[in-house]
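Shared between the two complexes below is subunit A, which has subunit B as its partner in the first and subunit C in the second.
Right, the complex of A and B next:
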């Protein structure tokens, strides 16, 4: 492996100096400057300009209004940290936080394990390889509304397929939308159905970069397939794993579409907010109650929550295959 | 290794594509924001398109036939009819307020439920002045309260009434007979002069019929009782006339809540919340036998979303226990942002006129608020074929003229929404009966705050 890395560099390194040594022709220095110094910035600028407009500006704007008692239909009054203290005291907010974290855990842990196993299976030689591999992305392409319609039918209390099947085993019908844990489970399956394939593809891409000779060497040493998976694939996948986990953390903590459509587009998330996530809470406060300042403050707390969640997950993942 | 790197590249492309998809997947669609009003070029030869936005399930505002007729007769002004959603408090009104605030997106003529009128009146800057287009002379077409509600805080006419919510009770004739109860509407009406009688009939029904519940859920009848009781308590429900929240002080709210809790405790409800997909399915699967029916509910039941054509003749309409009540009724208004306020006012004038309101009544069952339309023989003598030829004109028109307006505060829609969640929550078991009333008051205070 170290051979690969070193091989390329010596041949590439001497090239640029020879170019720079060429005499700068007068009058063209501006173009040269443009070419060498400015061009990279120009090339990356579209992203940063868009980020400034659609990322940073709303962020700052939201922070600004989180200090106001801002009713979208009327008053704007300075309250300082009033919104934040009120939020920390608001049982509904904490309920949303618990819901979000619980659904994140229920959905994400099995999702990443499943994606890993799926990627490992897809990494083997098979017929119609490309189709099978792209096939796992299909759920992602489906409109979330269509997904919600199907899952709402599956999890119907009176006429749902899941309760019907449970009935074969003598179980009482479960009111999936009224009870907290069942509603979390139902939504977690929706999330997993859509996103497992997506993560699997990313894992697969990561697996393809693992040199085959490692496996060959392990096979010669008599390591089983399973052992190879846990001792070679998983540790070598760590960078990919960090990306997938951080991505899932952000996605999971900002969960909105699935639980909202599960309750017919109502952001209250069940009669007593059984499955209202923080994003839904923000939306409800901002655009249903028109309490924009309060919603802004909640958005910033969510931002903090994501930072903390990402940091914890990052630290956890770094320990994977912790032989270094 | 070599063949692998090619595959790797393909996969990388796939992964990037997937990322892009993931990033765009959560974009919300903004259906209906395009007003299609021709970019403001009024002098152009092409016809002016007036966008009409409403809400409601089933046949909703019932404008289909009236709009088709107008479009056939007016080549210069075409109406584009857009019923945005069946949910007023949850979806339509918040979206509409954002459009009105931001100055773009709202249609040229928009429907407003009574629950939104308090807020609408408090914001004259949102609305075009209908008086400018001569609609001031329509005053005698409406009952005084219906007219007054369309006038803003500073005295500007901005909205005209569409329908009024006269009250009845819809019931499944076939299921009543199955339970050994009379099926005829006169006799059914005699079964329940009071709500206590209604509960007694419900228990009898439930003894005989197991797989169908007596009522849909707590929410519909809660609202029926609330408007009846409001009329007995100074015509106020959640707010007093100075816009103070009085949920815990107004006996009307407590009475309505207690009734909702009672029918739930007695096991008479199918535990469905109105205007949800489950409720619609419930109608198609005969999950409940009675339903509180303001006139506009007839359209929700007979429409494709509701029970639909399979149940034609099985539903019927009886008198509501406890006398009349005024649930709902809507208004039409022209947002100031409309690029064609004059044409929009013309359309609004037509849609609230006698001819259109009679057409709406015949199509969807919504009781006209236009007095001339109410008195029209076509309305007075109307029978509803779907509801076993019930004389709906007689049933609703009788009460329509005597209706009392219920005062609704500026934040009525938000408070109503919060309260309805609790009223449904005691039914689905997520809030114990013992805590229900306290939670209702707490949540209402929070929503109003």
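Right, the complex of A and C next:
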């Protein structure tokens, strides 16, 4: 509780610290009101004003646009739900949805598991602790486009390091860009490389709040380390897990830079759109085909996808700790 | 530590309490895992340097080169003088955009965080909930068409204003600073300042600001990286002759897809500011991530 309740009292007057007991002069009451009642609103208002202009207004207009048909000649026509029904019938849109979901799953599941194990390793006592943590976080400071450029080269068909290494084991070179699964894998590794360390540091923060006597009690009861990890660490990390998973869900379902760079900056996502994501689809429809209505409708369906994805993940995580 | 309440006989297996202590020291296996992780983390960055300092024929050699060559300066020159990339413009633009947005986001979030965490006002809870809800909406992707149309009608397309303005706010920032202020500024401190007659703004300046400075730092670095890396929106709203650095790399990549050396030198330069920030503030980044973000 702050002292707002007794706002009218003399001590409330906005005075320099040295003159604490001064009586409020008549002209001060407006200032006092301003200071105590209006100040909170003034402090939060910049956020909401900007949000109104650059958040809510575009959001509302996306809905509005999604009811219209735009074409390249500039003709605008009301279609009602036409864009939405057309999208649900559009094989290209569904392909983008499948691509996005597949890459999201391929990237996120191993990423969360790896981050957990990595955090567990980082949580041990060792020398050069700060150095190790910085090393793990290093990928975060690179730029997405830079990462994608490097990985695209590493995954090159003819001169790529990955194929070269695979060659040691007698594998034939893989044309990573040409087909669906290889391209998904390649893009998923770019995402994982960048974010696993970051998530590990966040998990580590969560792990350090778990009381150590839980582990001591468990090991006295004879629980193995592995068992302690799955039965104590993981359930206790639930709040952190929610944060990490929801973050990865939004990031994963709005994937754009990596797959775009993988195809030399083209939003078509490969020759047959084999790795085009929903975000790239929206970009293509809106800013290559200039069908603003169609792109807007796709944006709403993407949002729906994110809501469903987040809800599923949220329910899954709630069950992790619920088995006790 | 050593006082264990359960009587010794009740244990099913007496697997020695040393299990508890050994849990906290790194085994050779742990060290190996971490070493491998760090190598994997650093390798693409190192490889960037390798290719950026080579020639194109060397870059497509089989087996690929794994040591840096001596052509870095020359390649950097080529990037800077490339007529299609406008690389220096891109670099300057990115710096201006990232700095402006960072300052704005940090200020707005610190203001709002203080109000939400330490001032009681009608509707405060609802307003905060609203911020949290907007964190779930990918505003940038959702509102992309109307935002673009807005920029068209303001005639800002091609100008960096169009990249700066939509990003001056950030729901996550408000959330973070609310959390941080709650943690770092005890209520008693605010009350004491009130008793001393300090105005709200003065409390913000003299009490809150010094206490939440670490939180501001983390938010600032986060925002800077986020904006520096932003790709989709600048690609839509900027023209190739006035790009951000990411768009400049993209132009190089799209046009000179096989000139690896050129592209790698460009990407290498594009992450230099981030590396500098990382080296200078690494400890704070780790500390801030660990402390501020997720104490839910």
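One rule holds in what follows: the second predicted complex is superposed on the first by the 268 of 324 C-alpha atoms of A that agree within 3 Å, B and C clash if a C-alpha of one lies under 4 Å from a C-alpha of the other, contacts with A are read in each partner's own complex, and residues count from 1 in each chain.
Everything that follows uses one rule, which is that a contact is a pair of C-beta atoms (placed from the backbone, for glycine too) under 8 Å apart; a residue touches a chain by one contact, two chains touch by 3 or more.
Remember, predicted model here, so these are calculated numbers, not experimental data.
Asker: In the three-chain superposition, say which chain, subunit B or subunit C, touches more residues of subunit A.
Answerer: C
Asker: Just checking: does A:94 make contact with subunit B only, subunit C only, both, or neither of them? Give me first, second, both or neither.
Answerer: Neither partner.
Asker: Just to be sure I read the superposition right, which of the two partners does A:118 touch: subunit B = first, subunit C = second, or both, or neither?
Answerer: In the superposed model, A:118 contacts subunit C only, not subunit B.
Asker: Scan A:67 for contacts with subunit B and subunit C and give back first, second, both or neither.
Answerer: neither
Asker: Where does A:265 make contact in the superposed view: on subunit B (first), on subunit C (second), on both, or on neither?
Answerer: Both partners.
Asker: Determine, under the contact definition given at the top, whether A:140 touches first (subunit B), second (subunit C), both, or neither.
Answerer: A:140: touches subunit B and subunit C.
Asker: Under the stated touch criterion, which partner chain does A:178 make contact with: subunit B (first), subunit C (second), both, or neither?
Answerer: first
Asker: Looking at the overlay, what does A:208 touch: subunit B (first), subunit C (second), both, or neither?
Answerer: The answer is both, since A:208 touches subunit B and subunit C.
Asker: Between subunit B (first) and subunit C (second), which, if any, makes contact with A:299: first, second, both or neither?
Answerer: A:299 sits against subunit C, while subunit B stays out of touch.
Asker: Between subunit B (first) and subunit C (second), which, if any, makes contact with A:159: first, second, both or neither?
Answerer: both
Asker: Would you tell me the residues on subunit A in contact with subunit B in one complex that are also in contact with subunit C in the other?
Answerer: Residues 130, 133-134, 137, 140-141, 144, 158-159, 198, 201-202, 204-205, 208-209, 212, 256-257, 264-266, 287 of subunit A touch both subunit B and subunit C.
Asker: Touching subunit A in the complex: which residues of subunit C?
Answerer: Those residues of subunit C that touch subunit A are 4, 6, 11-15, 17, 19-20, 23-27, 30-31, 33-34, 37-38, 40-42, 44-45, 47-48, 51, 59-64, 107-109, 111-112, 114-116, 118-121, 124, 127, 131, 134, 136-139, 141-150, 165-169, 171, 174, 187, 190-191, 193-202, 204, 225, 228-229, 231-232, 235-236, 245-246, 249-251, 253-254, 257, 260, 263-264, 267-268, 270-271, 274-275, 277-278, 282-283, 285-286, 289-291, 293-296.
Asker: Which residues of subunit A touch subunit B in the complex?
Answerer: Subunit A residues touching subunit B: 72-73, 92, 129-130, 133-134, 137, 140-141, 144, 152, 156-159, 175, 177-180, 198, 201-202, 204-205, 208-209, 211-212, 247, 251, 256-257, 264-266, 268, 270-272, 274, 287-290.
Asker: Which residues of subunit B touch subunit A in their complex?
Answerer: Those in contact with subunit A are residues 1, 4, 7-8, 10-12, 14-15, 18, 21-22, 25-26, 85, 87, 90-91, 94, 97-98, 101, 119, 122-123, 271, 273, 276-278, 281-282, 285, 287, 414, 417, 421-422, 424-425, 428-431, 446-447.
Asker: Taking the complex as given, what residues does subunit A use to touch subunit C?
Answerer: Subunit A residues touching subunit C: 1-4, 11-17, 19-20, 22, 35-37, 39-41, 43-44, 46-48, 50-51, 54-55, 57-59, 61-62, 65, 117-118, 121-126, 130, 132-147, 149-151, 153-154, 158-159, 161, 164, 193, 197-198, 201-202, 204-206, 208-209, 212, 215-216, 219-222, 225, 228, 239-240, 242-244, 246, 250, 254, 256-257, 260-261, 264-266, 279, 282-283, 286-287, 292, 295-296, 299-300, 302-303, 306-307, 310.
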